[in-house]
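One chain, subunit A, links the two complexes that follow: it is found with subunit B in the first and with subunit C in the second.
Now for the complex of A and B:
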């Protein structure tokens, strides 16, 4: 009898026991800091000790802060470049790889995906050499292609700073995106293509009318997740420019500004306000993207 | 319309070109780590006319004159601890979310979903405050304990465990299995591919973690590889030692490459299931 009661006890309380460790950590290290950082964004702080309530002061400051707008501008340019290039390139590669004619599909898949294993910091260290003016591989390749010596100072020229970051991040992430698109393409019903061909649709029309609608959920997912991720750019430029914001702050990003404000200038309040501004920007843009794509309408 | 041979040629040219862009930097990296400083400037890749000049000096210097070996061990420790903890907690929690009804489940899942859309950097300031309060500054507690929570992992395992047949669990109960054993002996084996995929994902994330460890760790001997290497590249004394820097990068990539080879099949399958079906 006692044994049976113990048994029903463990059955009834098992789910609570299973989620308790998660819930405790979730509350202490996620929910609490989330609320606390929102609170902090209304305080002026010097180090962790001295705090003064200043209402919306930090946000007013940011609105007039030249560096914040520079960071926002740089990051936005990067996001546009990244999403605009990564998505078409990844989709294009996936379509090539999805062709029935391809030999060695698993080799190619491995080759494209392998770059994703290299962490941002290591990619940045690698690209700091690949992009160097004299002995860098990129300038060597360009010189060879154009048959004239080319010494572009990729990392020293303010206008090229974000372009250099883009090179590194595209190398890192195109193959990763391709894996998703390939899986989506393989899930599109082959019969639809045959039906389209019977109706006399060309390759282009097949792409617009069969492929794109078929992969739309994955496409929207990739655009939204890619945008959110790109807005959080930090490691690549920070390490590529040797722990600085690049020439003339040309590689300053929002998260880098947050890091420098909070942990070098030590104003945790202003840094929190930068963080919540980032939340706002990401939220608004994701909302617009989801609206335009119309995924929610079909439910 | 293009003929079949022509299309075959075009497709493979495109693929080979792209594969080249992916792989050539790796080959360049390996070459650079094996060259002397003179050859580094002289040759783009390997010094084909003097292969005997290739050397492991860069690796010797890397491990001899920098705390690189310590950083490597620190990284292995941090990434393994993180992976074991986060996979255990997420699979246990995901099992409860998928296979049990309990009070507060809906509210919990809603809260989790809301936090998932937020960029984690917004937590940096308040987490640092919390770490100071707990006295965890400059310790691994500050990295391992908060890192054990993964909302993403919980949802991933919940999704996978929905596929565990209820009849199987019921049969287990009739045979006298405790709930914990049901998780261990029935649920986990069913979602094995997801464990492989998530193990690699978490290991990769912890291995490459930079921002939070950089804030928390001040003592050079406690650095992980990303912090160590990022500091090396900023120091004038290493900026001219290209070979050593590239050797360091190569060694930092190798462990994840090995893990990837082991878990490759599970990984690519697990990676895409959520996105395509969900």
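Now for the complex of A and C:
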């Protein structure tokens, strides 16, 4: 092979060589497991050694499974609460810490973001102590405020269980959302605010007509990503309720149910069906969100 | 020195390069002739010692001196151990994986059910019935304890323990209230004494002082009460007993212990071993205690001399005065390199005087071999419990433990019972005693039906 042909060969095939590691890893660790789990969802299984093709049997079972519906309901409630509270709280905080009137903004930005650095498991351990019935900080604060002994079992009462999870996950994630909104707010053209002021727009009008349109792509991103992440809730309730589904299944989420089915009962077929059902739910909801927001229509 | 991407990137590259080189150049871990996987630190320490100097030879050193076989004990997180072992058991061609299979593995009672899901001939552990018969240990181990680790009569594990259950209580606080809790023979008598105890302390400015740990949203102790009455939620043939009237009756009774005007039970502070703090503070003054819990309590030296222990009260004279809570087995994977050698190791660890001595250095939990119960250690007064012979109490109860079965659906059944319990407590709070037992029965019927549906769906013909 002469030098010119060698260069030509390199020129043609070098790009393929460079992308090969990614392609191999993608195929082995992502595409194959996805395909395999999709196939498994049509089988009744006891590990890979015992498999029986049952078509849509696993999906049909799930349609009639009260635990699956309970998990879906709990997760949906959590998603609504999480996205509905996280986005306004993070945006509000970002606007506050974007204001030049606030002293020590850098410190507060870091302080609010720092909760995100500790991770879900740590937060779950922390909140299990904060919400403890007799000596938890929250009950002690309520007792002090109301001047009467308060013993609310935050993690034991079915109605309060998911509220406690929501409380913990908001504490964990509001600061994270704030960082995205801060970046978006700082990218809004200052001239637009000046023009609005010249036109006589008040603070609310500026927020509604300048700020919100200016940060809309980030807002949509936060809603979609927040929704997807919230549907995948697992480790926080799993640790908070000590590997159980909480009182009266009130903290059972879809991914927890998937884990219990796959690794405790060891039914990988049904667990795969739960996983693919979750994919479908997330896909449909994200599609609706993107359509409603109109973000895809923009150039 | 200059680097065109900047110093932070250079520093990160150096760290990555250095740590990568260290990992690559690290000498491979020395592997033993026999490998044992354990999930609990106490199990590991009883086999390989705690590393402190001037200790007698460890159990694995003694085994090596005796046989020349080197034993490696690997301490692995419980979840990781189960995932790794199940993935080994699930490989299509078992011969291919024998190299990474441990020779012995310990499994916790909450995890063992999943191993019993395949047909008996495909359970990943080796049947031990023949080994146990041949060695004579079949008759020397407490029989109900073997049932826990069996499927359809085939024994897959040797029990590590018996774990009889008692009640440990703050004798100092009960004495101050002039109440002799140990005199209670039945649960209703126990409840009456506890109510008197609470009334005494509530009047004296302790509104958060409860008599006993009984959570209203978790069914562990309800399961203990049912075991006392010889009821398993599911037996080893996958028959469901959840909807039996005796379960509804026990459930309704338990609900009255944790809610309403005759409430005596409280939920402990969440978190690992936080219950001990409740006992220490006198927030909850009695705890259901298996022998492993009694060992933990000794980590609180200021409770020394303040505690006493009693058998469980009964509902009926035919009930057991104890139950069993928790447990561990040791088993031989079918793909182990030399099952006979692995069995000899089990014999040395679990059935030899050396094994007993090593266990006693770490914990006083009762071994499952009855012959060992004559050891003076289990008969001496315990100063921590005010001189009470708590070891002797565990020995007396050890022979009376009810049979406990574990199946792949036991975890699910216990979870369902917890849900039923929570719903029944909500009913009781809203409507009181009226119609409680009927409501409990209805809830249990629904749960049993749902469980049956799951079992039927997951069944693969054997």
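Just so we're on the same page, the second predicted complex is superposed on the first by the 285 of 299 C-alpha atoms of A that agree within 3 Å, B and C clash if a C-alpha of one lies under 4 Å from a C-alpha of the other, contacts with A are read in each partner's own complex, and residues count from 1 in each chain.
FYI, contacts are C-beta pairs under 8 Å (C-beta built on N, C-alpha and C of every residue); 3 or more make two chains touch, one makes a residue touch a chain.
All figures in this text were calculated on a predicted structure; none of them were measured in a lab.
Once both complexes are superposed on subunit A, the partners subunit B and subunit C clash. In the superposed model, A:214 lies in contact with neither subunit B nor subunit C.
Once chain A of one complex is fitted onto chain A of the other, the partner contacts of A:242 extend to both subunit B and subunit C. Looking at the shared chain after the overlay, A:263 reaches both subunit B and subunit C.
Looking at the shared chain after the overlay, A:81 reaches neither subunit B nor subunit C. In the superposition on chain A, contact of A:234 is made with subunit B only, not with subunit C.
Legend: residue contacts after superposition of the two complexes on their common chain; A:52 is shown touching subunit C, with no touch to subunit B. Contacts of A:33 after superposition: subunit B is touched, whereas subunit C is not reached. In the superposition on chain A, contact of A:129 is made with both subunit B and subunit C.
Comparing subunit B with subunit C, the partner in contact with more residues of subunit A is B. Where the contact sets of subunit A with subunit B and with subunit C meet, they give residues 48, 125, 128-129, 134-135, 242, 263.
Those residues of subunit A that touch subunit B in the shared complex are 10-11, 14-16, 18-19, 21-23, 25-26, 28-34, 36-37, 40, 48, 93, 96-97, 99, 101-103, 107-115, 117-122, 124-126, 128-130, 134-135, 137, 140, 171, 175, 179-180, 183-184, 187, 218, 221, 228, 231-232, 234-235, 238-239, 242-243, 255, 258-259, 262-263, 268-269, 271-272, 275-276, 278-279, 282-283, 286. Residue ranges of subunit A in contact with subunit C, taken from their complex: 44, 46-50, 52, 61, 66-67, 125, 128-129, 131-135, 149, 151, 153, 155-156, 158, 242, 244-249, 260, 263-267, 270.
Those residues of subunit B that touch subunit A in the complex are listed here as 4, 7-8, 11-12, 14-15, 18-19, 21-26, 28-29, 32, 40-41, 44, 89-90, 92-93, 95-97, 100-102, 108, 111-112, 115, 117-130, 132, 145-146, 148-149, 151, 154, 173, 178-180, 183, 204, 207-208, 210-211, 215, 226, 229-231, 233-234, 242, 245-246, 248-249, 252-253, 256-257, 260, 264, 268, 271-272, 275-276. Looking at the complex, you find that subunit C touches subunit A at residues 82-83, 86, 89-92, 113-114, 117-119, 122, 207-208, 215-218, 266-267, 269-271, 274, 278, 281, 283, 408-409, 411-412, 415, 418-419, 422-423, 426, 450, 454, 457-458, 460.
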